[in-house]
Each structure stands twice: as structure tokens, then as C-alpha cells.
Amino acid sequence: MRVGIIGARGYTGAELVRLLCKHPAVTVTYLTSESQVGVPISNLYPGLRGHIDLACESFDPETACAKADVFFYALPAGEAMKSAATLLAAGKKVVDLGADFRLQDPERYRAWYRAEPAPADLLARAVYGLPELNRAQVREASLIANPGCYPTAAILGFAPLLASHRVDPATIIIDAKSGVSGAGGRSVMKPEYSFPHVNDNLRAYGLVSHQHTPEIEQEFERLCGTIAPVQFTPHLIPMTRGILMTGYATLRGDADTAGLLGEYAAFYRDAPFVQVLPEGSLPETKYVLGSNQCHVGLKVDPRTRRVVVVSAIDNLMKGAAGQAVQNMNLMCGFPETQGLDLPSLYP
Amino acid sequence: MRVGIIGARGYTGAELVRLLCKHPAVTVTYLTSESQVGVPISNLYPGLRGHIDLACESFDPETACAKADVFFYALPAGEAMKSAATLLAAGKKVVDLGADFRLQDPERYRAWYRAEPAPADLLARAVYGLPELNRAQVREASLIANPGCYPTAAILGFAPLLASHRVDPATIIIDAKSGVSGAGGRSVMKPEYSFPHVNDNLRAYGLVSHQHTPEIEQEFERLCGTIAPVQFTPHLIPMTRGILMTGYATLRGDADTAGLLGEYAAFYRDAPFVQVLPEGSLPETKYVLGSNQCHVGLKVDPRTRRVVVVSAIDNLMKGAAGQAVQNMNLMCGFPETQGLDLPSLYP
Amino acid sequence: MRVGIIGARGYTGAELVRLLCKHPAVTVTYLTSESQVGVPISNLYPGLRGHIDLACESFDPETACAKADVFFYALPAGEAMKSAATLLAAGKKVVDLGADFRLQDPERYRAWYRAEPAPADLLARAVYGLPELNRAQVREASLIANPGCYPTAAILGFAPLLASHRVDPATIIIDAKSGVSGAGGRSVMKPEYSFPHVNDNLRAYGLVSHQHTPEIEQEFERLCGTIAPVQFTPHLIPMTRGILMTGYATLRGDADTAGLLGEYAAFYRDAPFVQVLPEGSLPETKYVLGSNQCHVGLKVDPRTRRVVVVSAIDNLMKGAAGQAVQNMNLMCGFPETQGLDLPSLYP
Amino acid sequence: MRVGIIGARGYTGAELVRLLCKHPAVTVTYLTSESQVGVPISNLYPGLRGHIDLACESFDPETACAKADVFFYALPAGEAMKSAATLLAAGKKVVDLGADFRLQDPERYRAWYRAEPAPADLLARAVYGLPELNRAQVREASLIANPGCYPTAAILGFAPLLASHRVDPATIIIDAKSGVSGAGGRSVMKPEYSFPHVNDNLRAYGLVSHQHTPEIEQEFERLCGTIAPVQFTPHLIPMTRGILMTGYATLRGDADTAGLLGEYAAFYRDAPFVQVLPEGSLPETKYVLGSNQCHVGLKVDPRTRRVVVVSAIDNLMKGAAGQAVQNMNLMCGFPETQGLDLPSLYP
């Protein structure tokens, strides 16, 4: 199977190259970057020296179709919707790591992204690629909307509680913390992402307006059937990779920590990339560094009748490229964990 | 005025030395550390070379009374209550940076600290030293319970909303993030505070059980008259200094961001160490690094009818030693900002 | 092939587990830690959850011989020499990641380690396991002295220059910089390795006395035949992994950057784990993070007639566990890169 | 005394504002930034809120002369030489924190900066502002060339050895390590200074070609009378502030560590900002963080007959703005330490 990466220059694109150049079932045959035409990817990312010897080219749908069978878009919102139809028409499989196909409701997209949504027929084909919730649909899909990093952590953290109607969705507060590779990007050269500003510093951003909010709400609604606004606050942490979500929700009935953890373990019984931690243990981002795992832990607070959920992912892996490869594996009939079955790097 | 620091070896003790050795109205004349008897403090902290030439001794109340007039305890919970009465009986002024005198209700202390509370007569004399709320009482006090770092950030963040009954206290969720100097301490040599573990890592801790919870609740109750449990979750951030609090509360009536910010500005009109940020700006810990300032910002979310409050302090300054010096200034009749009036270090 | 790791609790032991539990030709069957008897390794290192399900036991040579065929010692100096003979006598293969068998001259060991050297017969069997210099010997070995992290960076950086007698060995100065995982270790809980002290800090250590000095000198002598003391200074850098060596030497004749780089490329033609960077490029530790590669670059200074060499490795990979697995691969007849052929993690 | 800062937007300009707004003998009355005209400096640097209420304006020499008496240029090389003559002609005092007046030899400037040097009459008036070497000249100066950050660390580290001809200057190798605030700058928005790239990374740069090399050589020549090229290699360290210099030189005769340290102590007897550390202690950058101190330590290596010198400064303080204020103090007849006499921030 030949794969192409459209937008190979950014962190997400490079992470796809890193994973796919070692994936036993595929060969990377096509890389694009409009600003790096002709530049070998191993010049941009010297860690790839000796592993892949391919140069970036300018994206052209016709060439793309000739050179590869599966495509990953690692581009800003609004780009994939321009050409995905052409690739699909040629029988290719497509995973979009951007936001173009994540929101099924075009009005929601307009309201939060302040831009035109993707065409309705493309949206109709798109499957939201969170295999832990909809593995069967992913297997059948030709167009995957790869989830955002924060939504991945939030949805995996709350899914069992929402599916069992254990919590009131209107009470959910998601306080998320991300390393800088998820926010800054290689091409976002603003002073607020420079090392001297970020190092030993901490801030909230996107308060009450972050574009991952409607994506979380959409999936929460699917899980529990109730429409409710979610309070979501992201923070920028002085670390490179990793997302930690701390979520709060009011319980609807009696529940204790051990019981809920048991329900989580059952819910994720067949999920190779979710680890439900035992009572007393909580996730730390370092334990999923460079891995496709999501670690989840929780604790019930009998004083407040809330449950506090903590989940951790690597934003470039389970939060982006790793999950995209997981989706590709399912779409293409490969084992779900192929090319992704590595322990995290520690310390 | 001669000052003594009981427990000079830890980060908080050393920060007191740093501030007080340059304070124009006092002279540091007494330093204690049981493990460093005879060792000059500038050997332990080479940055103090050329600024102070005093060695640590073993604590002895009688010697202490002979050598200084004002005392700071920078010791673990349970220590100050053993000898503070002796110092007070000798007419000394005392600031305890530990937890011994913070909780007025002995049962609360027993429940959260699982230890015996301070004697009732000492508790009766103790004033909770958050001058922005009770400057007049602090001026008259001889025994100050210096607030915890998280409570300082949380109370300054929510005080105007609680005093005006703008929010329902039972809905308050405090998601706080701290640098490691507030958690680890110099003497806490556990693997989880070692550089390789903390660096590029992120975790929650003390879930639903942190001892700063009842302290926050006590002061919230004083502000609004309502008893309600507070949801409080601290996190450990890979940075040295700084606390960022992100707080959530449901509004009781109509309110907008600009209006609330105006109320904050009015509430803190006479507070030299609180900066209410303009609409659109949010605190970052780096802007208070090494300073005694607390920065506060907020935003109303019309979708959820909640207000999100963000506050930032330096945990060793406004969260510990700086606030202790501010309390000393008030107790001793010095200008409130004396020895503390420095911009933060940036970057 | 069954492998055992003696001393699995430390960073190096855990890195061996991480690599070996995914190595296609071996199974990890034996783990020891005297302080963690009965504790599953995935409890100590939650990133291993789902990858290996084995508990630590107390080391016992007889049990060891029954349970595994190849052994890795990841213990402090002085430990492996106590029991390696027993394992070797049982026909096992042994890789010692400590210092016991690195110095062939017992007097050198005594002088620098201030301890008794290993028995002469063990030293006689030991092969210094730097395959880029002596691959053939490693293939035949049953006892490998796995090189130190600094020596690996230094020797790979200077080997081509020394072998060709391009530089005067008496002029070599090695200024090396290491992340904290190479110095502190998980069990070394000193204040100087705590996060607040190391973060945003920088220092030299072991000045003119570091124990890796004689190891570098021994191998330099083998390469060029001349005995000369080497100036070696290590530094502690606020990062987790990585070593950068900056080396200086006076050239013996005319040489230019391009010419020397050509000689390096030829010297390392068959080395899958050394990348000689093109003129104008210099190594950065991040480009070898989590990988077994060593990146090397250099520049001639015509003003001073010196060559400046820069090399970078991951101290836990090519500087310890990765190199140990590379040695195992050669000893056992596996492909040299098996289980190690991964690009670095970036960013 | 009214002071003006030309180029207030960068890190160095902001550090000048931080120091001067609290300096008891001066008032900041003039700030310029071509890109931030009309913007209050406390908007750019929120840590200055409450301390200074002045907006940036566009630089105009005539306005400048009307508004202030002493000027600091914090601009890139080539800027100060355009207008300094006008300020001097109006009787103003000028400190240039850039490179325009550092090299007395115009050919040297041309060769290393590849640009036209400053006019000869300006160079003739300029005094290299390293008070530890030439305090008397600085007192009489009206135009100060404020030293570069690396040269400050290197010259203070080697001055006593060179002045006493203890070492052969041709053997000096300077391996220097800097935090990112000294290299990147607020306006240098290149990917290589972004947090994800710099964090947990380490690299050398400017190999054999850094522009601070001739500045070091010029001052070394003044100290010892011998012209010799210096080997200088800077490195970028994942920390915000701080420079550590590790210097190597071959001794000309017998010397031991204690004896040399005694000579250093004598040499710096009257220098309030140099601390010679006792035998066995070595500088760490954190001990000078935010302070104007330079810490120096050394060790003789009897095996190699070299001396290894280590010095540490805060690159924005003694390496830039702090030293500039020290120079201003001397030029204006203020106490040398006024406004600079603060312990470092720790941890």
C-alpha cells in the first residue's frame, strides 16, 4: 500500500512520516509541502536521515492519485475540503487531520470557524475517526475526519460516563492542558511560542471560544443524546508534547470510584490504546510520550457529588498522527495496532 | 527592627532571607535550621554571597527572643504551634508560613490534617493574613497565619464575586496549576520531583483531598456567608515558580465581562499587589515571576452562564514569603509595599 | 532467546525493558531489583502497561541461569564483577552496562574508581562493546563491557581523526554536555537533581576527575597508539536525555572541513548507527532523541589550525541501553539494527 | 537624572526599563520602538504594570535630547552609530548595548560584521565598559561600548590569568553556553527558537565564526599584550537566562588551584559584582539569575598542566542591561551598585 502525506512540513506531517516510514504494510511514496518543494524531508527533520529518502513536492491531485493509494491531509482548516473529492473519486482513501469534516452540522462550523463548511456530500461520507467509539464505521469508511487533540482526550475521558448517563452533561467542565507542539506548530512563529516566553510560564488561552468546543459537544451529544454546552478551557504548558485533561461532572446517582473504574474497564475492553488506571493511580503525560495510548483515571468526590476524570495522551500521537495511522489500519484491514505498538519513551 | 527566620533552609525560608536582607527597615539577625547548624546561609544559597553573612543555628526560644523582634516560621505543619506562645509572651510578633493557625475550626484541622490542632488561645489570637481582605485586622495582629499558596490565588480570584453574591458558591470549581517549588521543597527528595520525571511531564495530584481545600472554603464562607464544599484540584507543572488558578462558577444573574471587571477594579482599588487585567487580557505566571503581584482576569461565558476566572501569583512570593513580608510591613507600621516593590523578572 | 535484566528499576534498566520487550528475536523472562521484589515493572513504569507483564525478583545466579540465556547488568560499578563469572560459566552471554570491565588496566581502575578492579580472567574475556570500532570482536564475545555514555560520544567523534593521525592527541579537549537522566538516575535523590534546582540552570561537574576520562584515554590510545591525557569536562544541562560533545584538537597538517568529512563518511561507511552530517550542518541532541543514532559534524578553523568536532547521542540509547542491544544483536547473530531501527522522536 | 531607552521593545530594552524604573537616582522619561509607537511599555510587558506608565515613541534625536540626559541604545549592530554623535554633541551621555563601538580596529569590524564600522571620531571617544578592568576610564566616559554577553563572561573569567601571564593565550579555548534570551530575542521568530525545538534540545552554533570572537581577542590582547586567535564556541541551552563559560588554557609555569584563586580574589578585591568562589565550588547560572553578579571558579589539572575556568553571569544583567546600568552609575557619579544590589532569584 502506497501512502501520501499532504502537508509534510509541520509537526503533524513529520510525525506521520516518522510512523509510516516504519509501518510494515505501507510505503511512503508522496510528500507535499508548498514551501519546501524539492527539499528532502530528512533535511527538514534530520532525525529521519537513514530512514526515508524522499523530497517534498507541490501538491497536485493528479500526480497524487498516480503516486499513492491512501492520503493524509496535515493542513490547516479549509484546505482538505478543496481537493478531497478528487482523491475520493479516484478510489483513494483519505484521512484528514484538520477540522474540515469533523463537524456534521454546517451551521456549527460556520459559527465557530467563521468560514464556509465542506460540501454536504463530503460531510455525508466523512466518518469521525475515534475507533474506540465507532470502530465498525471506521472500517467501512473512505473519508476519515481525524479528531482534534483536545476532543480525543475529552471524549475518551467521558465516554463511559455519558453512555451510561451517570453524569449530567450540562455540568461538565473540561480544563485541558497542552504542550506547545499542539498549539504553536512549526510555522506559527509568534513571540508567544518562543522559548523564552513559554519556558517556565503558564497560561490559559481561547477562553470560552476554542474551536474544539463544538467538536466535543457533538460527540457528547451522540453518546448521551442530550444537547448541552460544554465548558472547555485549554492551557499552554511549558512542555513539548502531551495533553492532560481534567474533567468535572456532577453525578446523577450514587457511584464510587471503584465502581466507575470497573465500568470504564468494561467499556474499553476491546480498545488496545486505552489504559484504565487502577484506583489511586492517575495519568501523567510522560507515560504516554511518543505512544498512541490514552491513559484514564478518575475519582469520585463524595463531598461535592462530582466525579473528577483525568486523561492523558500524546497530542501528536493519539491526538493526531498516531490516531490517523490507527484509522488507516482499520480502513485498510491491517491489525489495529500495526506500526503503533510501542511503549512510551521514559524519562 | 531585628527579624528571625525559623527554618531558613527550605525554599520559603531562603526567599524570606532574600527579601528581608534588602528590606530597608529591618535587619536579619537570627536564622535557624536543625540540619545546618553553623552553616552560613550563603553557603547553602550562593546567590546570597555578598548580601548576608549569617550562619544557621538550632532553634531555641530563649535565644530567639534575645536576638530578634519579629519572627517568621517556615516549617512544616505542626511545628509553629509548639513554640509560638513563648515568642508571643515575650512580646514578639510572629508570622507563621505553615498551616498551624489557618483553620479557625479545630475539627476541620483534625479532619484534613489528621493531627492535633493548635491550642484554642493561640487560634483566637491568629489573624488570617490576606491583607486585601482584612488589612485593618492584620495591622493590629501579633500572630499571623500566612495563607497557603493555592488559597491566595483562589481567594483573590473569587473574592469580589463572592462578596457581591454574583455566583453560587456550590458551583465553584478550582483547577489550579503550580510550579514545583511549591510542591517539592528542597528537602522532599522523592523520585517524582526529580528533574527527569517532572520535565516535560504534567500531572494532577491530591485529587479531592488536598489540605488547602478547607482553607479556601473557610475564606469563601467568610466572604459570602454560605457554607459550600469547593472542588479543588492541584496540578504539577514543569516550571519552577508560579501558580495559575482557573476557576469556574455559575452566575446568579446577568453579568458581562466588562461589568465584572469593573467590580473587581473597585474591590481592589486600594490593593497595591493586585492587578485586574483589562478585558481580553489573561494572567500568565511569568508576568509575576519574582514579584508580589497577583494578576487577575476573567471572562463570562454566555452559553454556559458561567464566569471563568484566572489568577496568577508567584508561589514563593505572594503565595508565601512575599505575602509574609507584606503582613510584617502592616503589623510593624511600615509602608505596605516596602521591600516588595519590584517588577517581575522577564523573560 | 530469553533475556534477563539485572537491575531493572533504574532508567537504564527500564530502557532495556522498553527495547527488549518489542525486540522480535528475544523474550524478556527475568527482571531483578532488590528494592522492588514482587513489583510488576509496569507499576514502576506505567508506560510499559500492556507491553510486558513481569515482576521484579531478587537476583540469584542460579535462578537467573535457569530463566534466561543473555543477561544485561544495569547496576552501579562493582556489582557485575561479583557474579558475571557464574553466568559465563553456565554458558550465558553477558553485557555489563556498568564500568566493571571497561578499563583493561587494573591500576587505572584503582586510581580513578578508588576500588578493587574485576578479576584478571574476567577482564581478559571482556570486549569493549563499541561495534563501530571492533564489530568482529563483539560478534565473538561472551562478555561485553558496554561503553560509558560520554566515551561513546567522544570516541565516535574523534575516531577517524585519531586513526588517521590527523590530530595531536595531547591537544584534545572534550567539553561534554549531558541531560539529567545520565547523571542523576532514578535512585539518586539529591537536591542538586531536583527539578527546581536543575530547571533553567547549568553547571559543570566532575572537573578534571570524571571517571569516564581514563576510558576515553584507553580507546584513544588504541586508535592512535599514543598515550596522552585527555581534558574532559562534563556539564549538566536542563534537559532529560541527550549528550552533546564539543571536541577540540590541533591539526597536524593541512586539512579542510570537506576533506575531513569525507574521511569520516568513509570510516563509518558500514556503521548503521552513525550519521556524518554534511558541511554546514551540526548535530542537535533532539535529532537523536529515543534513537540509537550518533550524529557527527565538524568544522576546521583555519585561524587556530584546530578542528572542532560535535557529536550527539541519546545517553540512554547509543549511550547505554541501545548500544547494549546492538551488542547483543551482534553477539547473538541477529541483524545489527534489529529492534533499534526507529527514527528519533521530534519535537 | 532623566534617562531614555532607544529600542525598548526587545528583551534587553525591557530589562533596562525594569532596572531603571526602580533606580533611585533616575527617572525613565523616554522610550522608543519603531514598531510599537503609542503602545505603553506595560502593555508589551505586563510585569511592568503599576511600575511605569510610559508609551513608546518613534526615535527622533531632537525629541530625545529634549526629553532625557542619558541614553541607552538597545538596537542591532549598525543603528547606534547613526545618531550617537547627535546625542553626544548635545552633551548627553550614551551607553550602546550593541556592537557598534566595541571593536577599536575598523578592519576587524569589517571582517567579522561584514559592514561599515562606526566613524573614527566616535570610536576614539568610546570606552569599552567593563568596569572591573577600567573603572577609571568609564567614570570619565561620555560614550560607552557595553560589552557583549559572552565576552563579559570570558574576560572576567580569564583576566587575572592573562594579566599575570600565567597562561599561554594561544592555547585558550572558550566553550560557552547560553540561555535562549541571549540568542533568540523577542523579534527573532525563527523555528529554531520556538519552544518545541529548543526545549530538551542542545546545540552548538556560530562555530569558528561568532562575532564575539574578535571582541574577546581585543580585550585579551589588552590584558596580556600578546596577539593570539581565541577558539570560541557558543552553545544554545534550553533555559531562558544565563551564560556559563568553561575556559581552558595551558599554564606557563607551576600553579595550583588555591594559589590561582588567591590571585583572582586579589584581582577582584574592589569589584562589587564579581564573586570568586572557594576551592571546590563551581559557578551555576541559577545563582546569578536576575542579578548583576559574575561568579568565577577554577581548577588546575596537574595531568594536562591546564587550568579550567568556569564563570557564570545572567546574560541580560551583567551580560547586557545590568552592566549598562553599572556603567551609567559610574559615568554619572552614582554608587556603582545603586539599583543593582539584589540577590539572585532562587530557585
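Just so it is clear, A, B, C and D label the chains in written order, and each chain counts residues from 1 on its own.
The rule we apply is simple: contacts are C-beta pairs under 8 Å (C-beta built on N, C-alpha and C of every residue); 3 or more make two chains touch, one makes a residue touch a chain.
Owing to the predicted nature of the structure, the values given are computational and were not obtained by experimental measurement.
Enquirer: Looking at B-C and A-C, which pair shares more C-beta contacts?
Expert: By number of C-beta pairs in contact, A-C is the larger.
Enquirer: On a C-alpha centroid basis, what's the spacing between chain C and chain D, in Å?
Expert: Here the centre of chain D sits 39 Å away from the centre of chain C.
Enquirer: Centre to centre, by mean C-alpha position, how many angstrom separate chain B and chain C?
Expert: A distance of 46 Å separates the two centres.
Enquirer: Taking each chain's centre as its mean C-alpha position, how far apart are chain A and chain C in Å?
Expert: Chain centroid spacing, chain A to chain C, equals 36 Å.
Enquirer: At least two other chains touched by the same residue of chain D: list those residues.
Expert: 11, 179, 181, 196-197, 199-200, 238-241, 284, 286, 289, 347
Enquirer: Graph shape for the chains shown, where an edge means the two chains touch. Line, ring, star, complete, or other?
Expert: Shape = complete; every chain linked to every other.
Enquirer: Name, in rising order, each residue of chain C that touches chain A in their complex.
Expert: Counting only chain C, the residues touching chain A are 11, 14, 18, 21-22, 45-51, 181, 199-200, 240-241, 272, 275, 277, 281, 284, 286-291, 293, 295, 341-347.
Enquirer: Help me check something: in the complex, which residues belonging to chain A touch chain D?
Expert: The touching residues are 11, 179-181, 184, 186-187, 189-191, 193-200, 238-240.
Enquirer: Across the complex, what residues on chain C touch chain D?
Expert: 173, 175, 177, 179, 196-197, 199-205, 207-208, 229-231, 233, 235, 237-242, 244, 246, 248, 282-286, 289, 299-301, 303-304, 306, 308, 310, 312, 347
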